[in-house]
Amino acid sequence: MIVVMKENVNQDRQNQLIDWLKGMGLGVHVSAGEFQTVLGLIGDTSKVDMDLIASLDIVESVKRVTETFKCCNRKFHPEDSIIKVGDVKVGGGNFAMIAGPCSVETEDQIVAVAKAVKASGANLLRGGAFKPRTSPYDFQGLKATGLELLKIARKETGLPIVSEIMNIADLPLFEDIDVLQIGARNMQNFDLLREVGHTNKPILLKRGLANTLKELLMSAEYIMASGNEQVILCERGIRTYSDYTRNTLDLSAVPMLHELSHLPVIVDPSHATGIARIVPSMALAATAAGADGLIIEVHNDPIHALCDGAQSLKPDEFDALAGKVRKLREVL
Amino acid sequence: MIVVMKENVNQDRQNQLIDWLKGMGLGVHVSAGEFQTVLGLIGDTSKVDMDLIASLDIVESVKRVTETFKCCNRKFHPEDSIIKVGDVKVGGGNFAMIAGPCSVETEDQIVAVAKAVKASGANLLRGGAFKPRTSPYDFQGLKATGLELLKIARKETGLPIVSEIMNIADLPLFEDIDVLQIGARNMQNFDLLREVGHTNKPILLKRGLANTLKELLMSAEYIMASGNEQVILCERGIRTYSDYTRNTLDLSAVPMLHELSHLPVIVDPSHATGIARIVPSMALAATAAGADGLIIEVHNDPIHALCDGAQSLKPDEFDALAGKVRKLREVL
Amino acid sequence: MIVVMKENVNQDRQNQLIDWLKGMGLGVHVSAGEFQTVLGLIGDTSKVDMDLIASLDIVESVKRVTETFKCCNRKFHPEDSIIKVGDVKVGGGNFAMIAGPCSVETEDQIVAVAKAVKASGANLLRGGAFKPRTSPYDFQGLKATGLELLKIARKETGLPIVSEIMNIADLPLFEDIDVLQIGARNMQNFDLLREVGHTNKPILLKRGLANTLKELLMSAEYIMASGNEQVILCERGIRTYSDYTRNTLDLSAVPMLHELSHLPVIVDPSHATGIARIVPSMALAATAAGADGLIIEVHNDPIHALCDGAQSLKPDEFDALAGKVRKLREVL
Amino acid sequence: MIVVMKENVNQDRQNQLIDWLKGMGLGVHVSAGEFQTVLGLIGDTSKVDMDLIASLDIVESVKRVTETFKCCNRKFHPEDSIIKVGDVKVGGGNFAMIAGPCSVETEDQIVAVAKAVKASGANLLRGGAFKPRTSPYDFQGLKATGLELLKIARKETGLPIVSEIMNIADLPLFEDIDVLQIGARNMQNFDLLREVGHTNKPILLKRGLANTLKELLMSAEYIMASGNEQVILCERGIRTYSDYTRNTLDLSAVPMLHELSHLPVIVDPSHATGIARIVPSMALAATAAGADGLIIEVHNDPIHALCDGAQSLKPDEFDALAGKVRKLREVL
C-alpha cells in the first residue's frame, strides 16, 4: 500500500502517522522527494483502513498496490538510486568500472592487477576469495587469506573492493570489505539475502542462472525489506541452449530493470560469455544499452589463472576496452 | 583415481594402504563388493605414483578417472545404494512414497494429513516448516514450531519425517528430523551441502531450477565427499518456456541418473507441474520410468492451503493414486 | 463464437442457419453430439449479431469465445476424437504402436523391420523417405524411392504407413501414403499445414523444438480449419539445457493436451532422448501418462543406420518393450 | 576438403582441376583472394585421393575439414562478405538500416512510412506481405497486393525492398523484390532454403526461435551450397523463460557469428523484445556489439497496426534513434 503525503506537511504529524502504522506491525518505507513524500507500507496491509488514512488532512491519496515488489519499485521512488562506495558513486549517471581477477591468488598478482586496472580507469576492484565451484574437487578460493590480500591491494591503490560472500557465518570476515557480492547461485538463498540486508554495506546482487527479472527484483526486495537499500543489480547471462557461449547475456534486462526499478544495473560480460575474445563487444553493447557499470575479469596471466582464465582479459586488453567505453559514454 | 584391490586380500594390509593414501592428504572412499574392494581416491591425485601402487601385490589395477563425480558414480559402486530411514528403505527396489502438505499449518492439519496418507500407503511424511518463498512478503513457514508439529504427527503415525533446511544455523533444530531436504534453490548452496554432509542423516537433494544432471551429481558429491553417503536424488521439474505447467518434469532424468549413479532417484510431480489435476498422470509416469519413490503434496483443504494449494491432492485423490502406483509396480 | 443448438432441431432449419453464417464469410464447424449440436464459427465474428442468433427458436445459447483454438478444443467437442487409419484406430482408448526405421534404406531393410515390428504388435509402420537434416551435406533420404519401398513393406505386412512430408510440391508422391507426418521443424510452416488440411488423410503433427502447447494446438487448428480434422498430436521432446539427452521429453504435455483438446496424443521417445538405452523407460512412462500411442525407431542394424542409429532399438528390444507396454495398459 | 592453390597459378590449369573435381560429383566453391585461391570441396569427399591432389604442382596444400559449415566459414574466406542490394552494400563496414512496418496495410501507409524512414537515413525498406501467424484466424497479410504496394513505395523513395517469403510456390511473385527474407519459423524449412539458393537475390536469413548458431550457419549453408552466396544473417531473439520481453535478444551472436563466418550479421530488436520502449536501447547495443545493420519496425500509427503494433516505433522515435546510431558508429 502506498500513501502519498501532501506537499510540505508538518514533519511531526507525518512521523506520528508512521509510528502508528509501524505499531500495526507494518514496515514503512519513506521516500522523500523534493516536494512530496511517499510512504510504502510493507507487510500484511489487509487490515489497514484505507479510507481512514485517506481522510487524514496530511494525506493526498492512498493506493493499494498489486506490484509485488515495493522497496525497489520505480513507481514509489521515481529518481534513480545512487549507491555510494567510499567516494565512488554508482547509478544516476555515475558509472562503475569494476575489474579484477576471478580469484585472488597471490599478493603480487592482486596488487599488480589492481594497479593496472586503476591506471586504465577502473574505480572498483573485484576479486574472489570464496569461490562457488560446481565440483567439490575444484579450487575453492583462498578464503580469509584472499580477503586480506584484497585489502593490501586496496591500500596500494585506493580502490574499494568487491568480493563474494557465500555463507552467513563468514560475515565477520567481510567487516572491512566495501561491497558484498551475492553470486548467481545464491540469488535465492533467502536467509543470506536477509542477513546482508542487516548490514550497512552496498550489495552487488547477481541474477541467478535461470531467474526472471521479477525474481531478481524480489531478491533485491528481501535485502531492502531487511533495511539495506544499497543494492546494485547485475545481469550476468542466463542459461539457454547456446552452443558457443557459456550463457546468454540478456541485455534487454538493462532497460527493463531501469523501467521497473530505481536501482543501478551493471553487467558482467565475462561470466555471461566465458570467452575473453568477445567480452569487449559485449561490454560496449552493455554500455550502449544504458548499463550503470561493468564488472570485468582481468588477469595478468590468464593462461595460468586458477579459475576461469578463458574469460579474463589481459591488462592491455582491458585498457583498450576501458578507453572505448569512455568514448562511447561521451557520445550517449 | 580408482584402485581395484585383488580378491580376498588381507584386511590389515589393505588398511595400511588406505592409511598411507590418507597420509598423502587424499580422501579414500572404500566400496566393498562381495568379492572385490574398490578404493576411490578423492583430492589432488596428481602426485600419486600410479605405477608404485599398481605394483603392490594386493592391487589388481589402478586407473586415473576422468569422471568428475566419484562418490556417487555407478562405475565405482555398481550396486544400487539403499538409503535407510528408520525401518524404511529407499532404492534398490524399495519404493519411497512420501506425502504431506507443502507447509505445516496446524497440529490438526498435519496429524490429519499424516494419518490419511499413512492409511493410503505412504511410508514417509513430508511437511515444510522453513519455506523458501520468492517474495519476502509471503508466508515463510512456521519454522521451529512447524518442526515440533511434524514430530507430533510422527508420534501419532510412526511415519519418519522429511523437511527442508535452508540455513546451516538451523541445523540444531533439525536434530530429531529424519530426512533433511535440500530445496531446488539451494542445490548449489555449497556450504550448506558440505554442512549436511557432516551429519549422519539421509539427505533428499532436489535438482535446481535449471541445473543439469551433472551439476546435480556434483552437488551430491559435495555431500558425499564430506562423509555422508546417504543421498536421495529428486527430479522436480526444470524451467522452460512451458505455457501451462509451472515447470517441465524431466523424467528422462530417472533412467539417466540410474545409469550414471548408484543413488536412489525419486520424483516430485507436484512442484514439477503445479497442477493437481495432472499430478496423478505424472506420478504414474515417474513410476513407470523406474523412479525409486514419489514425493507428493497432499492437503486436507487445498483451497485454503497457505502455499501451493493448487498443486495439492486431496486425501481421497492421493488414496486412489497410491493404489494405482502399487498396481503399476507389481506389473513392472 | 459458439452456437449451441436446441435438442433435436429440424435439420433443414439448422442447415439454413449454417448456410446463412457461411454466407457471411464465416467457417462453420459442426460438432454433432448424441443429443445436441454445437456450431463453432471461425473467422471474423465481430460483425455477427449475437442477439439475433440467440433469438432464433432453434438456438439454445450463443457464446463469444476467448479461446484461440476452436476446432481442436475439447470444450466444443467433449468426446475424444478417434482417428482411423485403415482398420487401425487411434485415440479414445485405441492405442497406436508405430514403429520402424528413421530412414528407409533398402527393400530388405524396410521389409525385415516391418515384419519384425508387426510380429511384436506394432499396428503402423514408420519410415523416413524425405529427411530434414541440419546439414545440406548429410543424407537427405531416398525420397520417392523410399516411399515406394514403404509401399512394398505395407504390401508384405498389411501395416499402414506413416512418412514425413516436407514440401507441398511433394504431395502427389504421398497420394498412396496412409498418414502424413509434419515434422518438428515444419510445425509452423503454415502453408504446408494449410495444404495438408486440404487432403483427406490423417496428419501426425509433431511439436516443434521449442513450441508451447498452445502453439502446437494452433498449428493443429490450421489443418482443421482447412477442413481436415484427422490430426494426431505428437510430443517429441523440447530443447533445453539438458546435458545427456538430446531433448527433454515433456510428458506433462500428454495430460495437458488431453484436457485442452479432443485430439489423440502420441509420444516419440526416440527423438526425445536420442539414446536407445533409455527409450524403453520413456515409452513406459508415456504409456502410464495416458498417451494414445508411441512412435519408436526400430532398426535391424542400428550401428550402420544411415541416420540416428544411436536412438534405434533392435527388433528384440522392441519386442520386449511392446510386451511391457501391453501389460502396463492392461493395468491402467 | 580444402584445396589451397599456389600463388598466381595458371587459370586454365586451375579450371581443369575444378572440372575434374566436379566430374567426381563434388561441388567446388572457389574463393579467389588477392594472391591465392582456395577451393572448398562440397559433398562426399571420402573417395577423393588427398595425396594425389596435394602432389599437383599448382596446389600448395590440401586439408580435410572437420568443420561442418564450409561455404559460410570464415576460415575459407577470411575477408568479410559484402552483400549488394542495388547501390546499398551490407557488411565489411557497410551498415544496413532497414526500417518499415510489420505488415503492409495500405498504399498511403507504406509510402508515408517509406518516405519517413528514408528521410531519417534508412537505406532499405521492410514490409510484410505474407505474414506467418501462430493462429489461422489472425490477419495473414495482403499477400500479392502487399508486394505491389511495396513496389510503389520503392518507386516513390528509391529504397530497395525486403519482404518475407514463406512458400516456394510464391517465388514468381517475388521476382521484382530486392531481398527475400526467410523468417524464424522457416529457418529449417530446408526445401525453401534450397529453392532461394537457386535465385540470384540477397537472402535475409533469420535465426529460428530456439536454434543454435551452428544451426543458423548450417541453414545459410543450404542456401550457399545451392549456389547463392548472398546471405545476410539476422539475430532476432531466442525463446527463454523471460518474463517481460517476448524473446531474449542474444547479442553475443554478433561477435560469435563474425568470428565463425564471413557473412554480414544484422539485428532485429523489434521482434526480439516486442516492446517499442526498449527497442532503441537494444538497437544501440547491437550497433556497439558490431552488427552490420538493424531491421526495425516503424509504423505511422502503431496503436492501430494490424500486427505487432506494440513493438513499432513512430517515425519521430525512429528518427531520433537513427541519429544516435550514426553518432555511435562514428565513435566505434
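Letters A, B, C and D name the chains as they come in the text, with residue numbers starting at 1 for each one.
The rule is short, and it goes like this: a residue touches a chain if its C-beta (ideal position, glycine included) is under 8 Å from a C-beta of that chain, and two chains touch if they have at least 3 such contacts.
Worth saying up front: this structure is predicted, and the values here are computed from it rather than measured.
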Higher C-beta contact count, A-D or B-D? A-D
Label of the chain whose CA centroid is most distant from the centroid of chain B: D
Between chain B and chain D, the Cα-mean centres are separated in Å by 49
Can you compute the centre-to-centre distance for chain C and chain D, using the mean CA position of each chain? Integer Å is fine. 34
Roughly how many whole angstrom separate the Cα centroids of chain A and chain D? 38
What residues in chain A touch two or more of the other chains? 210, 214, 239-241
Which residues of chain B touch chain C once you look at their complex with the stated criterion? 210, 212-214, 238, 240-245, 248-252, 254-256, 259-260, 272-273, 275, 277-278, 281-282, 284-290, 324, 327-328, 330-332
Please name which positions on chain D make contact with chain B in the complex. 239-241
The chain A residues in contact with chain B across the complex are 42-43, 68, 70, 132-137, 166-169, 185-186, 188-191, 194, 208-211, 214-215, 218, 221-222, 225-226, 239
